[in-house]
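Notes follow the structure.
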Amino acid sequence: MEILDIIKLIIAGIICWINFVLIDTYFGLPEKPGVLGAKTIGEKIKEIGGNLNGGYFMGNIVCSPDASAGTLLASIMNYLMGVKGGLIAALLVWIGNRLCADPGYAGTIGALTITLIIYLLHPIIGAKYFVGGMILAIFSIQGFEHKYASILLGKIAKKMNRGE
Amino acid sequence: MDIIEGVIGFIALLMVFRIFLTRSRARKLLYLCCLSFCISALIALYVKSPMGGIVAIIYFISSTLTSNAIAYTIEQVKDIE
Amino acid sequence: MEILLIVSGVCCILGGLGVILHTNPINKIIMLGLLNVGLIGMIVSSYYLDIAIISSICEPISTIILLLGYMKYLTTLKKKKKYGRDLPILSK
Amino acid sequence: MVNIILLYLISLITSIVVALLLKVPILPKKKPIRFSFETSIVFPTPILALGIEAILRNLFGNYIYLAFIAGLFGALLSKYADKLFGEV
């Protein structure tokens, strides 16, 4: 039983990683720093040998709730309340985005997308595994090793035609 | 003991020690962001009712406001010096 | 074996040590944020949910007031040196 | 099951009609859409209406006039978002 749990956790983590990186890159997070605080984090990442566009991506996640926050909060509310929790989470994430001076396209669309994915997959993988999977996904970007993570994000941004 | 709470708790403890030991100011904010993700998930898994979800959302958004203000001040202090 | 209580306890202890040991003011404010994280976790761990909402709303307000005070201190420190050099008559 | 979907549809159609009466633009005018702050009918209005409807249904129950109120509040919040949160 323990082995099955770990396999479900890793699969949920991969789904969450693909979801929030693709949505954030499509809505132009690596392209320019949205707020002034993201600029200094991007330049600091470049000083230690990383990529500048990946640095802007990581700075924008810190300074305003984007698709990563939308994914985590929508999966929490799906675990507690069902499908209508995902809609409430989308509304509250939009208000939080406007408080941080951000247009708010990425957060709400990320929340709605993960709600749809959980509703389609809930006989196989429960909503509880997506909460743990999102923590694994954010740990691989923000917490593990900043230099190589920013180089990987820069390559993805270049392939999707956002950034240089 | 549940395995999901164990994994999240291990990551949170690792993040706390890395915040305490890193010397750069900008990289501490990145680790603090990851820690607030972990605490928000732990609150929702500990309190199993819709009120716990509301607490998790409000805590996460106000934690983001704090990080935004600190990062803005670091940029302005760099201009003054 | 409650994981939330253990994590928030470690946050409180290391945050309190960090406020004392670090020397840069912005590092002190970041460590104060770490202490706040542990405090809210401890409140939630004994099911006082309404107090947790109020204290997590009041946390960024207090941080912003501390940062405004630090910025005002820096600009006053810069301006005072130049101001004393510009008025030689009064400073006889 | 059919009843719940009917409630969501009523709130969505009400919000779009009220937003058309209040003269909210259909698409934002500035050309890179993903950086513009202007609210329009396509992006924030249906999401706000669905979220408010979910909150009201969780609090009070499945009534059909709550769906109209949810659509009305969604359109009003979308129209006056600039005055509420400040211009950029």
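The letters A, B, C and D name the chains in turn, as written, and every chain counts its residues from 1.
Definition applied: a residue touches a chain if its C-beta (ideal position, glycine included) is under 8 Å from a C-beta of that chain, and two chains touch if they have at least 3 such contacts.
Note that this is a predicted model, so its numbers are computed, not measured.
Q: A-B versus B-C: which interface comes out with more C-beta contact pairs?
A: A-B
Q: Please indicate which chain is farthest from chain D, where distance is taken between mean Cα coordinates of the chains.
A: Here the answer is chain C, farthest from chain D.
Q: So the centre of each chain is just the mean of its C-alpha atoms; given that, what is the distance between chain B and chain C in Å?
A: Once rounded, the distance between the two centres reads 15 Å.
Q: Provide the C-alpha centroid distance between chain C and chain D, rounded to the nearest whole angstrom.
A: The computed centroid separation for chain C versus chain D comes out at 39 Å.
Q: So, what's the distance in Å between the C-alpha centres of chain C and chain A?
A: Computed from C-alpha means, the inter-chain centre distance equals 28 Å.
Q: Mind pulling the residue numbers of chain C that touch at least two other chains?
A: Residues of chain C never touch two or more of the other chains.
Q: Counting only residues that touch at least 2 other chains, which ones in chain D make the list?
A: 58
Q: So which stretches of chain A touch two or more other chains?
A: Residue numbers touching two or more other chains: 81, 85, 92, 99.
Q: If I apply the definition of touch given earlier, which pairs of chains qualify?
A: Here the touching chain pairs work out to A-B, A-D, B-C.
Q: In their shared complex, at which residues does chain B touch chain A?
A: For chain B paired with chain A, touching residues are 3-4, 7-8, 11, 14-15, 18, 24, 26-27, 29-31, 33-34, 37-38, 40-41, 44-45, 48-50, 52-53, 56-57, 60-61, 64-65, 67-68, 70-72, 74-75, 78.
Q: Which chain C residues qualify as touching chain B in the complex?
A: Where chain C meets chain B, its residues are 1-4, 6-8, 10-11, 14, 17-18, 24, 26-27, 29-30, 33-34, 37, 40-41, 44-45, 47, 49, 52-53, 56-57, 59-60, 63-64, 67, 70-71, 74-75, 78.
Q: Spell out the part of chain D that touches chain A in their complex, as residue ranges.
A: It is residues 32, 34-37, 43-44, 47-48, 50-55, 57-58, 81, 85, 88 of chain D that touch chain A.
Q: Of all residues in chain A, which touch chain D in the complex?
A: Those in contact with chain D are residues 27-28, 81, 84-85, 87-88, 90-92, 94, 98-99, 101, 103-105, 108, 112.
Q: Where on chain B is chain C touching in the complex?
A: Answer in residue numbers: 1, 5-6, 8-9, 12-13, 16-17, 19-20, 25, 28-29, 32, 35-36, 38-39, 42-43, 46-47, 51-52, 54-55, 58-59, 62-63, 65-66, 69-70, 73-74, 76-77, 80.
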